[in-house]
Every structure is written in C-alpha cells, then in structure tokens.
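Below: one structure, written as structure tokens.
Chain nomenclature is as follows: A, B, C and D, assigned in order of appearance, with residue numbering initiated at 1 for each chain independently.
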Amino acid sequence: MRIDLNSDLGESYGNWELGDDAALLAIVTSANVACGFHAGDPTVLRRTCDQAVEDGVVIGAQVGYRDLAGFGRRFIDMDPAELTNEVLYQIGALDSFARVAGDRVRYVKPHGALYNAIVHHEEQAAAVVEAVRLYDARLPVLGLPGSVWLRLAAEAGLTVVREAFADRAYTPQGTLVPRRHPGAVLHDPSEVAERCLRMVRGEPITASDGSRLHIEAESICVHGDSPGAVRMARAVADRLSAAGVDLAAFAAPER
Amino acid sequence: MRIDLNSDLGESYGNWELGDDAALLAIVTSANVACGFHAGDPTVLRRTCDQAVEDGVVIGAQVGYRDLAGFGRRFIDMDPAELTNEVLYQIGALDSFARVAGDRVRYVKPHGALYNAIVHHEEQAAAVVEAVRLYDARLPVLGLPGSVWLRLAAEAGLTVVREAFADRAYTPQGTLVPRRHPGAVLHDPSEVAERCLRMVRGEPITASDGSRLHIEAESICVHGDSPGAVRMARAVADRLSAAGVDLAAFAAPER
Amino acid sequence: MRIDLNSDLGESYGNWELGDDAALLAIVTSANVACGFHAGDPTVLRRTCDQAVEDGVVIGAQVGYRDLAGFGRRFIDMDPAELTNEVLYQIGALDSFARVAGDRVRYVKPHGALYNAIVHHEEQAAAVVEAVRLYDARLPVLGLPGSVWLRLAAEAGLTVVREAFADRAYTPQGTLVPRRHPGAVLHDPSEVAERCLRMVRGEPITASDGSRLHIEAESICVHGDSPGAVRMARAVADRLSAAGVDLAAFAAPER
Amino acid sequence: MRIDLNSDLGESYGNWELGDDAALLAIVTSANVACGFHAGDPTVLRRTCDQAVEDGVVIGAQVGYRDLAGFGRRFIDMDPAELTNEVLYQIGALDSFARVAGDRVRYVKPHGALYNAIVHHEEQAAAVVEAVRLYDARLPVLGLPGSVWLRLAAEAGLTVVREAFADRAYTPQGTLVPRRHPGAVLHDPSEVAERCLRMVRGEPITASDGSRLHIEAESICVHGDSPGAVRMARAVADRLSAAGVDLAAFAAPER
C-alpha cells in the first residue's frame, strides 16, 4: 500500500510569514508551492523549492487567481483564455526555481477559489486543463474526485490524481461538509490519522450522517498553517508509516 | 556585414495598450518582451510571443523591477539575492509563453531603471548575472558597452551582446547624452538611418561635441511607442538592408 | 430643462495613457474619477481633480474592484464587509485630491463589473450603499434606473441619481442591449444627440424592437476613450445646449 | 512630566497577520496605522482605527513607498511630485476609516525606507512635507530628531514631534547604531524601561561608547511584532506610569 501526502507550501509573502514550511517538508511527499499570484514571492519560491528538493519532496504548482489581497480565496469571473495564460505564467515562474533547485514542477494543483470553482465551472476548468496541456501534457493534475476539473483533464489525456482531505468531514455523497457547518473540520489527530489509514486501505469511513463511505484517493491533503495542523500532519504520517503504508509521491522526482 | 535590431515589446497591460507591437515585429530581429513586473500581463506575453515566433523574431526577456506604477523606471534599492530571484521568476514566466509559441527565451535584457542601475551598480549587476547563469548559462545578455553588467556577465562566462541606440546622441566618451539635455534624442529618420549604417560599417559617427566616435555593437535598439518611432525603425531597417547589411538576430531561433 | 453629463475619467495608470480627459472635461458636468483600484494612480487622480475643478466639473468617485489587471471588469465574489471597506478606502483616497483641488468628492458611481453586479447582487449593492452612508450620507449615488443599487441606496436615505447611456440601445423593458448583440452600440453622433434630447424632454425613444420607450434619467453617460467618442460627446452637448437644455451637474460644486 | 508612546499598527494584509495590535493598543497612546501601500488592507485599516478609537489611542498615518513585496523597506528613487501624491492618497484613504471610527488622522509618520531616506534626502523629505501641508497643515509630523524631514516640516510651519527609540542603542552623536552592529538592539525590558524613564526625565543615557547622551523627544517608539516586543512595550509603559509620568498622546483625539 502506498499514498502521497500533499500540503500547501510557499505561502509567505515578503515580510509576512505563513505556515511552517520546514516542518511540513519533513512530513509530506508532495509540496503544492504557491506561485506568486495569490501567495508566495520569488524569494519564498526559491527557498521552498530548494528545501523541497533537499528533503526529497516533489514540487507541484499551486496555481490561483491573481489576488494577493484575497489570498486567492475569492472567485473571479475571468475570461477563460486569460485564465489559461495566467496559469501558464505561474507554472513557468515556479518551474524556474524548481529547476534551479535541481528538479522541476511535476504536477499542478489549483488553489482556493479556483480549486472550488473548477469543481463545477466548465469554462474555467477547461482553461486550467488547457494551460497544463500546453505547458507539458505529461504533468499530472491533482484535485477533487468527481470534479469537472479532473474529468476534463482526463478527457484531455492528462494524468489525474485524486485527493482526500485528512481533517474534513464528508457528506454521504462524498463531498466535503462546508466549513461553516458544525463538525466540518476534525480536530483529533489520532482520529484523523486512523481515518486516513482506513481510506488508504480501501475501508469505509464514517460520513457526516453516520453512514459508511468509500473515498478513493491517491493523495491525502494535510495542512501546516498552525502548530496543531503540523501535529496532525505528523500524526497522520506516523500512523500510516507504522501500518506499513509507503508514503511516496505520485510523481517521481528527478534522479 | 550583419546586425541585430532589438526593440521593447509586450509592454501593454490589461486594458492599457502601449506601442505598436505588430509593426515592430515586422521590422526587428529580436524582441525584448516584458515579463509582467513593470509591464506586460500574461495575455500580452502570450500574444507577443506567438507573433514573434510567427514573424521569425527571437524572444528575449525584458526583465525589470517589480513596479507597475513606475513602469520599472525608478531605481529600487533591492537586496541583491532578492533581485536574482525576481529575475529568475520573470525569465521562467516568459519562457512558458515562448515555449508554447514553439521557441524559447533566447537572451536577457534588463529594462529601465534596472538597465541604468547595473551600468554602475556592482551588486545588482552581479545579481542579474547570477539569475541568468542559474537559469541557463547559454543565454546571451544584451546591454550597454562598457557597463558593469556586461563586464560581470563576461566574467561569469555568459555571452555578451553590446547594443547601440539608433536615436540617441553620444558623448565623446561613448556614453549616452542624458535625455534632459538638448539634442539628446535624434528625430530625423534619414539621419538616424545613415548613422546606424556608419556604426554597422565600423565607421565613426559624430559625437555631441562634433568629434568622431567609434561605437562597437552587435545590436541596435529601436523604439515603437509612437507612429514616429515606428517610421524611424522602418527607415533604419530599410537603409541597412539597402546597403546590403544582413539583419539577423544574434541568437538563433529554434528550428 | 436641465441634465447632467457624466463620464469616466482619470483612468490612466503610470506610463499608460487612457482616454482624452482634457477634451471630456470641457464637455461634461460630472467627472467619475477612478480611485486607483482598477485604474488611476495618485498622480493621475491629482491632475484629474485639479483640471475638473478648473473646468467647473463636479468630482465623483468611480469606485471598483481591486483589479488593475482586469480594469475592474471582472466580477469578484468578495465578502460584502470587505467590499464596504474597499469602497471607503477609495472614496477617502480620491477625496484627498478633490480637497487639495479646492472641492471635494460629491457623488459615487461604481465602475465596470461592480456596476453590473449591483444591478442585481443584493449583498454587494448593500455593501456599497453602506460605504457611502458611512463616508457621508449626503453624497448622491449614480446608477442604473431599476437597479438594486439605487433601490437600496434610496432605502438607506441616500439621494439617488439615474443615468441613461447616450450610445447604447435599450430593450423594450428599458434595460441595455448586451454589447455582444448587433446594434447594441450606436455610432451616429447626430442620431445619438437627437436621442439624448428626446430623453431629456421626456419624449419616448425607439427601443431595440422598434417600440417606444420612456427613459427617466437625471444624467447621461458619455465616453471619451477614442476620438470618435469625444466627437459624440461633443455632439450630444452641443445639441442639448442648442435646444436650450441647461447642462448642469446634479451635485453642486463648492463655491 | 508626560510622554507619548507610539507604535506601528495595522500592518497585517489579507490572510497574513503581523503584530499583536490588540495588545499594543492597550499600551500606546499613538497608533501609526499603515495605509495600504506597504502594509495594511482596507479591512485591517477599518478594524485598527475602530479599536484605536475604542481604546482612546490617537490615529496617525504611517505612510510609505508603494511596495507590498518589500514592506516599504526598500528605497525607491521616486519623482518627488509623485511621492507627494502617493502620500496624499494614503492619508486620505486612512482618514476615511479614522472618520468612520469617530476620530480622524491626527499626525503623519513615514515608514521604513521612506523614514530613513528623508533623514537625509532633501527632495523626498520636501515631498512628504508638501503632502502633509496640502492635506492639513495642522497635522503634526513625527520623526527622527535632526532629520531633514523635521527641519523642512518646521520650516513649512508644521508642528514637529521628535521620537526616541526604546530598544535601540545610540551613538555618541545621537544617531541610531545600525542594526547590523552588535548591541544595536536592546533586549532587557527592565533596562529599556529604565532608560526610557531617564530620557523622559531629561537625564542622560549611556551611548554605545559609554559616554553620556541627552535625547530630547516628545514620543517614544515601541514595537509589537513579537511576544517579547509586547512585553517590552508593557514594561516601558508600566515603569513610566509608576514613576508618575503621564502617558498621553501629543495630538489630542476628537472629543
């Protein structure tokens, strides 16, 4: 059994620090590195890519809307052709640092409002798919199972990788319980770790209504934006390792 | 005899248009394409790269300070390490579009205040050299003869390309007459064209004090930000071609 | 009979020029001056306010989404409380220049995608109303007749001013024919001028289906982003003046 | 005896938090609130102004270069006329929130590289003075004793307020020991507090070479960007209060 652990990294900006990248890079196997449009500046990207390569973590492009003030968390009703170009710009910029660090960008994962938009928004989903296809059609894309984004990516011939969320409650239909609902976010590290192990083993987890639910995913998303988040990520990694699960990136790094 | 003609392109931004890129691309052999930090947005970069490749014009990265409001024309006293990273970011971003267009970034030319700063500023010059070296040490760099920038680039093993300015008066020492001085900018297309031909032939031109001056350059910079500028660029290209000068990029495009 | 003529001004940014502000300021009675979030930089705002006061034109705040790259023309799904604050910021910034010029901001008109959004979007409309109310509840607001924006503004006790568009076709229901439809934009200056006169006189104009339509408005919006637009604005102003219509701002300038 | 305590506040931006504003507002008497050009977004400004007024703290405009990526800490060689306009823009924007909170901007303190530049840079110092004079010539300005900034402000008829730094070592000449030198920053709260008391009492402090130095200041700058910084600010305020010093803003808030 094997699974990938991915996390958002490189989200500091200038004088503003965010997240404990060093701690996360010692835990995860894939780093979704921000590309400067919603978070991350060139120096942050350089440092994050250098550390990722040093730690054997695969670098992915965490692309988003150009919205520093909103951290990419606000839907922008962009022209799809412009969105394709904005994504191309971001991947290329990050790739510069990945290459200087000795590897390269190995996958793409949209961020925030863009991630959520392309679960349903056909035009924007197609626009991001087109950007990946143009940049390098061999790059896998990471996203929500059942999303328009992964469907269109597959149709375009891209490799799709599905992710589960370690600390989020699921509805019986397999979608995430919205954050504003009670119980939407799980807080007990050992419960979360156990639940991740069940997902990896193909065993059902408990949905928000108590029913049993199968989640199929090749990667699990963990967070690192608070000391508690880092502890939880560590608990997940430790539990999986102890159970003999191989923590390995879905995209192989440069050798 | 051969010479390269280079010009700044891709300097529009969103709803704001600047310069007649289509006209210039029919004249020049090398396009210094803005990279989004002082001018140019992703859609402008995409379009400019596509047209450049279509017209057989070589794409270079016109890198600058991150200063849209100032169009990169204001010196910023940046940390050199951060400057290296900002330049890496810009080259990578532009390269994305150059590659999608079927070619790639083939040289680097700093813009505006950065161009002027690194004529003398050792740390910033070294920072830009380091960025090019890290990105791809085979990329030539374009700049002012006698600048610290070209000296350090050569010392780092980069190929240096010297440029002359078609429409600017020169001091007897071979530096540009500052723009605020009378006669700093030449306005007569046929005089400018004739002068360019003299430079290409290795013949002396007349300096601002009437003395004779030899300018050695592998490229001539022309402008396209006004109808008059385009006419002058056209006059230069026509005069050189009529005299049997081969207008050819110093960096070969992809074949 | 009297009418106000309003136009978008101050939309240049740094090195990028847009629109013929000087020509428009000689024609209109109210200047919707951009505030720096989607267009306009501090120096542009200063110059525009100075010229407006010199020409006796009333200054209004053309507030928009923070989106320079998109010129404020893309809907952003912002938190309403944040939108209120962004509008407060913009009005205050512009007011600084209006006051230095000897007057002050005298009304508010949302721009682009924000203008369009708050025709229907209750939360964003209420957010902009709240900003005006907090800044100065005596400021009139300018907008589309029938919009949620004007309805909520009136309910909040603000003075509402309705505008008509000089060069746009109307549906039989009195809404604008979308730009992508044929005939959406009128191009004949004398026809447009005549039509404006009919609106001012309370006479029906011809809707897109040939039916007769009454448009009630206290202001007419004209454009200045091309030589043709300026000619049309001039034609409208001349026709109205010749017919004895008093061109006067709805908001009185400082005396 | 009385003294003002000032601190930089409102420096968070979007999703990025910086400093413990709530803790500082319970300690200081004057809040230098960032204005959005180098730090602070509209929602941060609104919240900071509201809390300042609630806590009886006077609001000042912390104006800086337009440089989010560099946090305003990099010198920008701006045109002085543009700098005047950028400062006017910032003061007006902040004033919007100060007024909504029930007070108004009551002084101006430049930030970061601008603060440092106008210690010596005549043109930029004059540009900031001009902005304050144009906005409201009754606004006091806060700065370094002996700076060109305070000299030109005084010559322009503005009220100048001198500040001392609680935790910085001074040279025998009364200038700050550069941060890169050993001993430049003091870390012992009780030593710092005692030193502040001596300054307030007009007693000499010990300069970096052991000599005695008199510092004349109407305000002391304290920091709040770390738990240790807040403890030190608290220690300074407590020591001064215990010694009977009246902690009071130099500019009176609205009553």
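Note that in this section a residue touches a chain if its C-beta (ideal position, glycine included) is under 8 Å from a C-beta of that chain, and two chains touch if they have at least 3 such contacts.
Every value quoted in this text rests on a predicted model; they were computed, and no experiment measured them.
Peer 1: Which chains, if any, touch chain B and chain D both?
Peer 2: A, C
Peer 1: More C-beta contacts across A-B or across A-C?
Peer 2: A-B
Peer 1: With chain centres defined as C-alpha means, what is the inter-centre distance between chain A and chain B in Å?
Peer 2: Those two chain centres are 40 Å apart.
Peer 1: Taking each chain's centre as the mean of its CA atoms, how far is chain A from chain C in angstrom?
Peer 2: Each chain reduced to its C-alpha mean, chain A and chain C end up 43 Å apart.
Peer 1: Would you please write down the residue numbers of chain B that are in contact with two or more other chains?
Peer 2: Residues 41, 69-70.
Peer 1: Given the complex with chain D, which residues does chain C contribute to the contact?
Peer 2: Residue list for chain C touching chain D: 36, 41-43, 45-46, 81-82, 85-86, 88-97, 99-100, 134-135.
Peer 1: Spell out the part of chain A that touches chain D in their complex, as residue ranges.
Peer 2: Result: residues 12-18, 39, 41, 68-71, 73 of chain A touch chain D.
Peer 1: Hey, which residues of chain A end up touching chain C in the complex?
Peer 2: For chain A paired with chain C, touching residues are 66-67, 69-70, 74-79, 113.
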